[in-house]
Amino acid sequence: MQENDIKNIEKMREESKTETMRVVSPEMEKILYKKFPMLDHGFIRVIDYMGTDASIVQAARVSYGVGTKKKQEDRGLINYLMRHGHTTPFEMCEIKLHIKLPIFVMRHWIRHRTANVNEYSARYSVLSNEFYIPELDQIARQSEINKQGKSDIAMDQVKAREIINIIKEVSSDAYEKYAHMLNDMSLARELARTILPVSVYTEVYWKIDLHNLLHFLKLRADSHAQYEIRCYANKILDIVKAWVPFTYDAFVNYRQNAVSVSKKCIELNKRMLKGEKISQENSGLSKGEWMEFINAFELQDFVS
Amino acid sequence: MQENDIKNIEKMREESKTETMRVVSPEMEKILYKKFPMLDHGFIRVIDYMGTDASIVQAARVSYGVGTKKKQEDRGLINYLMRHGHTTPFEMCEIKLHIKLPIFVMRHWIRHRTANVNEYSARYSVLSNEFYIPELDQIARQSEINKQGKSDIAMDQVKAREIINIIKEVSSDAYEKYAHMLNDMSLARELARTILPVSVYTEVYWKIDLHNLLHFLKLRADSHAQYEIRCYANKILDIVKAWVPFTYDAFVNYRQNAVSVSKKCIELNKRMLKGEKISQENSGLSKGEWMEFINAFELQDFVS
Amino acid sequence: MQENDIKNIEKMREESKTETMRVVSPEMEKILYKKFPMLDHGFIRVIDYMGTDASIVQAARVSYGVGTKKKQEDRGLINYLMRHGHTTPFEMCEIKLHIKLPIFVMRHWIRHRTANVNEYSARYSVLSNEFYIPELDQIARQSEINKQGKSDIAMDQVKAREIINIIKEVSSDAYEKYAHMLNDMSLARELARTILPVSVYTEVYWKIDLHNLLHFLKLRADSHAQYEIRCYANKILDIVKAWVPFTYDAFVNYRQNAVSVSKKCIELNKRMLKGEKISQENSGLSKGEWMEFINAFELQDFVS
Amino acid sequence: MQENDIKNIEKMREESKTETMRVVSPEMEKILYKKFPMLDHGFIRVIDYMGTDASIVQAARVSYGVGTKKKQEDRGLINYLMRHGHTTPFEMCEIKLHIKLPIFVMRHWIRHRTANVNEYSARYSVLSNEFYIPELDQIARQSEINKQGKSDIAMDQVKAREIINIIKEVSSDAYEKYAHMLNDMSLARELARTILPVSVYTEVYWKIDLHNLLHFLKLRADSHAQYEIRCYANKILDIVKAWVPFTYDAFVNYRQNAVSVSKKCIELNKRMLKGEKISQENSGLSKGEWMEFINAFELQDFVS
């Protein structure tokens, strides 16, 4: 189905090069429909978009009676909206992506509910023999500290290869039997597919507004997100940069790299500025919160 | 602010006439940004849109592995999706409208939650002296049958004129005092505006996907909706017809003019087809349900 | 974790037997926390609920100024609301379920976006060795007519047993290797789980309002839904019957067993009532639409 | 309708005092259905609720396999969830409020879309003669700095009284004409109500999950929110404190009084800790951003 689909899309691309009165994002037009490979068999492709940075300014002007057409002031207004959490104007831009991804990644993805989704159905159609096999350098032990993550210490190469072989073996064995049950025993697709591992690839059309997309990126381009979905999120960040450059900068400065700090931490910081020596003991913070404080304020060199 | 805004939009229209790779709806392009007057001071204007009938077919193909590029089959597939309530492909199209409407209409409008909204803020800016004054032929008594509606019997002209004068008087008096409190007493806008009637006009940018728009139209273009919001809904129906003609036809045939009939009514209809005479008494239906049955099946000439 | 969790829940059940001022559904209290087995390893359990039929009537009264406390009239009002698609009062009831289900069923389930979800995480915790193995009588060929479904013709027993053995074999083999990679090679859980088939069981807390639950049931208790999710939907229907009996009856009569019929079909039906002989040829309907018309109106005995 | 409604609710309160297996919030039970007066004619009343702090812990345990039944550790986990933005477990609690409020406040309220709403309909029923008249000490000039707010400088008493008289006059005049058009001219309610100012009171049943309620409170209990909605938000904060005390504390510490600080500000703070003198000039921040930095870190005494 995919190749087929690509042909249709490329055909549509050529055919549809035409005039429009709508606002256009020049950098976005350059990458429209282009296939960005992801992991071993996946991809991301922009199918359509609505609006630009100017659309956000325009919507804000309706609400707040503010804004202007001068580029520099547009940037300033977008920074202001982002800093102050005036999120509704960002909902006025929309993007539609065609994504190919492993089912276990899709299961994280779908948790973002404010979006429109059409996924390839394994009840209607046959899944292809494509499974996610991690790169050697992605194979890692369970982290001891982070209950949900991988350890940073690379795994012994021999062991890692062994693991990859097991993963390959399970996948190909499952697919062989899937094909056998479909073709030789004409089992219903809806049952045959139940033996396929969650590493099998699926495809989805995913449409979401810019505000909710940024929320997705805040969570999924984060170091706590699983590596595989993080790859997709980082590529989408590049796409956002091409599409709405002012919004991208504002997001990176005021959301992605921002930290939320509690009143308590502000008080501690003031005590430090006054020259007081602060340690976990005299901070009144729990061990966990203390570590978070040090990291948020980057105080590694300032505290005992 | 409005005039200002319009100038900006018109400017944007000229400036932004450019090439795009995105799918384009030719009929929609013709009306883009055009101002369709509504009621006495309102309007609807299409600011942006995403997708066409082809986008719905494309999304359906991803899910169901069905569809084709042949126009006639596209229409057939869209009819099929509409008849069977496969609604997600219709979410793949999006529209953004700029609407000027009375606050009491906005209060109905905003009940549709799956949409993006930026409304003119009377805390930031001053409202203009524009209030909805009904046409003479819209003035009608309270209906006796329909607790929520107007009677069909026209109201005596003299009375109607009297009513219009009262409405005008209240509006202009309120605005005069609003302006007085703002200008002569420099009262905060957020308080001054509280004396303005709900007939005052506001403006909104409203963005919604096609599936949710059709749901809005099913309810608001309906005869039970208040006349004023119905005017807006009917105009949006024209816009949908220009934008996605196949979807428009499917909606009119299989949703807007469709009726939901219960098992009981199907049974009664079969008894009638067998030649039995049916009346409310032998139908097993309540009076209300019986009337609904007659209307749904248009049986006025068939039952006693 | 499950057993553990059950103990906690049962403990909570005993401990929390106490007085409340809130409206109570007596039949619901009887089944609260009870574990209804589903498929081979799954279950449904009601964890909490909010509201009763009376809450719907109460909310409608606020909106429409209608309603009463007399039981019979409550039923009438709920029937009226259901028939006329006044859905917001049904949103005033809420239910929280604890569900254990295969991942491929969860993937259908999660498509219902207006709900709250907490799912067991295979990044944090180890999945147990539980996979969905279909009953012998559920093994069936792919349907020729229904692209997405099973055929009704039972499959040859020998073949069916063979298929079940393949499914069992793939599952146990995958789990063995999953456990091996976790325990002997201490691979990160987030990677090890990628080899498990979508038939593996997961657990979820799922909270949804009654209106959206009924929409879920309309789609998932339908004959077109896959058998496995239909089992869960049918059990939830029983739960709804215990919880809000008036709403349950109204749903079954006016939604679940209702059909949506187009203007065209109403016209055809009138021609038949006038004695005209109708066939697909003179109906003006496409073959597909004609079949749907016959089925909706149950006209098998009336048309040539 | 209101009195009537209250009688029904009180009746329900007495009648419904019964046993339940559901988790109960003892402090919440004490205030259930109680009418908390708001502004001059409004109120807030808790109609129903679902879940307690324990429900959040329980849901988190399903997802993250974490948590415990020990009170102190419950508090710790809830703090952890709040600090790290793990918001889904908070969606597992639900509350239903009965609120009487001016329409202009309702217009802010309804912008929070993830909620269930049934509002009193002025098409069905007659509005009572109740309008919001501000207290003398709430009358203030437009702020020069804050485009959307009131000035802090109190307004001259004589002027303030004059303003209140204008507001009273407009309201009573509008209501008199509303009643006249309804009673003496039997104008349809849907038209008559259009002359009433947005200060008229309406009633609503509002149901929302705890996560979305906290988001509402973050925005509406904030000093930038208009005074009138802030009164309601602050009362709801008290209700949340009674309902889910651990969550309330976590919200106040880690959300309500927390600030989001950008990378740039963290860098500036480090330079200050190293003893450098920082001013707007050498900060690289815009004037606006600099002021926000000073306020966020409370650096008034530390910078030149």
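Read from first to last, the chains carry the letters A, B, C and D; within each, the first residue is number 1.
One rule holds for everything that comes next: a residue touches a chain if its C-beta (ideal position, glycine included) is under 8 Å from a C-beta of that chain, and two chains touch if they have at least 3 such contacts.
Only a predicted model underlies this, so the values are computations on that prediction, with no experimental measurement involved.
Contact tally for B-C versus C-D: the pair with more C-beta pairs in contact is C-D. For chain D, the chain with the farthest CA centroid is C.
Chain B and chain C have centres, each the mean of its CA atoms, that are 32 Å apart.
Chain D has its Cα centroid 35 Å from the Cα centroid of chain C.
Residues of chain D found to touch two or more other chains are 64-66, 117, 121, 124, 147-148.
The touching residues of chain A, when paired with chain B in their complex, are 1, 5, 8, 11-13, 16-24, 29, 32-33, 47-51, 54-55, 58-66, 69, 88-89, 91-92, 94, 96, 98, 116-121, 124-125, 203-205, 207, 209.
On the chain B side of its complex with chain C, the touching residues are 64-66, 76, 79-80, 83, 147-148, 253-255, 257-264, 266, 269-270, 272-273, 286, 288-289, 292, 296-299, 302. Of all residues in chain C, those touching chain A in their complex are 102-104, 107, 110-111, 113-114, 117, 121, 123-124, 132, 134, 138-143, 147-151, 155, 159, 162-163, 166-167, 169-171, 173-174, 177, 180-182, 185-191, 193-199, 226.
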